[in-house]
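Consider the two complexes below, in which chain A is the common component and chain B and chain C are the respective partners.
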Partner chain A sequence: MNRFEILKKNKWRYISFIIGFLLLVSPFALLIRLEFWITGNLAEPSIHYACLRMPIGWIFRGAVNYLISRPEMTAFIIGVLGLSLFLGPIFCGWLCPVGAVSEAISRIIPLPNKFRIHIKDTNITSALRYGFFAGYITIYILIGLKLSGDWIGSICCRFCASTILQNLAAGIFGWLLPTYGSIEYWGTASIIVLISWLIIGGIFTYGGRGWCLFFCPLGAFSNLLYKVGAKLGFYRITYNKDKCSHCKKCNLVCPMWAIKSDHSVETALCINCKECVNICPTGALTMKWGKENATK
Partner chain B sequence: MNKKVVIAFLFMFLLTISTGVYGVILSNTEPTLFWFAVPAGNITEPKVLRGPGPPINLTPIKVDIDRFTPLKKFFNPNVVEIGTHWIYNYGKKPVILRIELINCTLPVKWDVSANFPFDEKTHTFTKPLMPGQRIDGLVFHWIFEIPPELMNKPIIYQGGVKLIDANTGEVLTFIPIEIVRGELMRGGS
Partner chain C sequence: MLLNKIKIKIINKMRYIWAFILAASVAPITYLFSIPCGFSCAQCPLGGICILAYPLIFLGVIIIKFIRKIKSLISKIA
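After this line comes the complex of A and B, so read on.
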């Protein structure tokens, strides 16, 4: 199947990514605009009000006051996590502009796959991903217990791909509408994030989801809940080995390296994007509800 | 458990913790965010202002561009960002706050967003900030662009920010701001 056919088969997903961008990224930020209009908030809408990082830190440091004082951010994160339990990480797979942009860049730039990082062992990929997540929550637990002192700090705002995306969008679309964000300033951390998110994680990573796989706490947390949800029989991807012809097409299209060597799916990595379902010629991969064949 | 899996987990765990440590180091070499509060007077040295909210650390702001990391020096040496998410009124009366950057001849962009009315022309928060209150949802940045001819000067900018009661003109807080080069060398000479 060529690129054009893949594009056609997954067109709703790519349209959904454009909608995600328009909903969250300034100067459009339509979802945030709507919320600000309803609540009478005067701030300039931007992706920062749908932060993918900070509220997770607040949960683990027990900062209930922050969670209460920023109800829109808290509601957004709880919404994404709640959906992940019942429907899988569909925010990651269908809406998140951070993941979408790096995935799009990896598809647009025709770099031969031999120059791209691709770990085929899902156990190692999961270990790297949850090593990051464990480190991330450890930092916030230390901050919550006031053990962080002056030696360790938050890795939210300084190391944030959403900020880079927002600033790039301000540079590109700033002429259209007033927008929040500035493309002029690049601190060391923002340069590191740009390189990790778009260059290494986008261009030089197979599938273009290096940031999502290894540096996004919301992605990792969502997948943990998906793993639980899949065991409980909620909406999930299922694999029927009797139908599988071992053509490996699913391995080729999966942006999250979630297909195991036996072609079943690792729910700690899968974002329910359905690229594999759409390409599978025998129908061995399908989406399912209900207890039957729930992931062990 | 597979040895490689354990190593991968520990590697990323330690890398993440190191990122948190590096973030603190970066905040010393590339300071960007500061706390502001009124009325605090003339801040000539670090001071803690106590009030109904959290204790506010106020400090003179000094950015030494020679302390930037090689990455920053290579890609974006001439742009300095200084900003805040926190402006509190710890005084006893409501105040309409005007912000003034003094002595500034550098090109500077004001990037301000808040759930509080702000007049971009006069740099004034046009609603009174009540005692004990802070400006809600504030994201406030100055982006200074240093012209090439000033890049090698030991003192690039020496001025500060005044937080002024717009009704009376009284300066409630003054925080000095300096953008310098080679602070250590000058200190030793």
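After this line comes the complex of A and C, so read on.
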């Protein structure tokens, strides 16, 4: 199946990504502008006001005061995580501009797949993903227990792909809003993130979601909730073994390497993008609610 | 047969645990080692040259892959 057919079959997902970009990334940042308009905030809107990494840190370090003093960020993280529990990580699969850009770059650049990183064992991918997440939350638990300085948390901001995206967008679309300057903030950390996110995670990773798979704490947290939600019978992807023709098309289109060797879906990795559902010729993969036919 | 299956299962579990521990240790170490880079670029003796490290690593990977392909082609011909 060629790229244009995939594009056509998943057009709503790609339109949704553009909406996500317009909602969160400056100079547009429509969602943050709306929030500022309601609250009367006069600051320049940017993706930082919808930061989803910091509240995760606050949760694990037990910083309730931060969660109370920034209600907009707390509401946003509760919204995204709540959606993940009931509908799956649809923020990651349908809205997140960071994942969208790296996925788009991976699809646009015609690098042969043999040069791309692709771990086929979903258990290994999950172990690496949740191992990194465990290491990440350990940092915040240590801060919470006063065993580490606060500075180790603030260093995370230097390694933020959203910031890089914001700066790139400010450079590209800055002319739309003169208050937004050109590309700035370029240090070694930014270059490391840019390379890890777009070059290694985007171009050199099969599916272009290397950053989401291994480094995004929100993605890992959302998927954990999705796994719980799927077990409880909320909206999830299901696999019908009897209908499957083992054509492996789902394996080829999945950006998250979530298809297991028996062609069922690993909910700890799946972002509910529905690319596999749309490409499946026999309807073996479907989205379902309810307890029966739980995801294998 | 059964013993072999159990052995494979244990080996696989060990692989997953190893991958988990490896990744878990990477996160704090990454932050600790890159603190100087994060706070002050080009202040170290490398002067920002580390930016070249990533493309060089990937060039190495691509070269290794090419060598493997050429080797397999030669073995097929032979």
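By our rule, the second predicted complex is superposed on the first by the 283 of 296 C-alpha atoms of A that agree within 3 Å, B and C clash if a C-alpha of one lies under 4 Å from a C-alpha of the other, contacts with A are read in each partner's own complex, and residues count from 1 in each chain.
In this text, contacts are C-beta pairs under 8 Å (C-beta built on N, C-alpha and C of every residue); 3 or more make two chains touch, one makes a residue touch a chain.
This is a predicted model, so every value here is computed, not measured.
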Dominant toucher of chain A (residue count), chain B or chain C: B
Which of chain B and chain C A:F214 touches, first, second, both or neither: both
Which of chain B and chain C A:H48 touches, first, second, both or neither: first
Contacts of A:I200 with chain B and chain C, given as first, second, both or neither: second
Partner chain(s) touched by A:K114 [first = chain B, second = chain C, both, neither]: second
Partner chain(s) touched by A:W289 [first = chain B, second = chain C, both, neither]: neither
First, second, both or neither for A:N123, with chain B first and chain C second: both
Chain A positions touched by chain B in one structure and by chain C in the second: 123-124, 126-132, 134-136, 138-139, 152, 155, 158-159, 187-189, 191-192, 214
Touching residues on chain B, where the partner in the complex is chain A: 2, 4-6, 8-17, 19-21, 23-24, 26-27, 29-30, 32, 68-69, 71-72, 75-76, 79-81, 109, 111, 113-117, 137, 139, 141, 143, 145
Sites on chain A touched by chain B in the complex: 41-44, 46, 48, 121, 123-124, 126-132, 134-136, 138-139, 148, 150-155, 158-159, 180-182, 184-189, 191-192, 214
In the complex with chain A, residue positions of chain C that touch it: 12, 15-17, 19-28, 30-32, 34-35, 37-42, 48, 50-51, 54-55, 58, 62, 65
Residues of chain A defined as touching chain C within the complex: 114-115, 123-124, 126-136, 138-139, 152, 155-156, 158-159, 187-189, 191-192, 195-196, 199-200, 204, 214
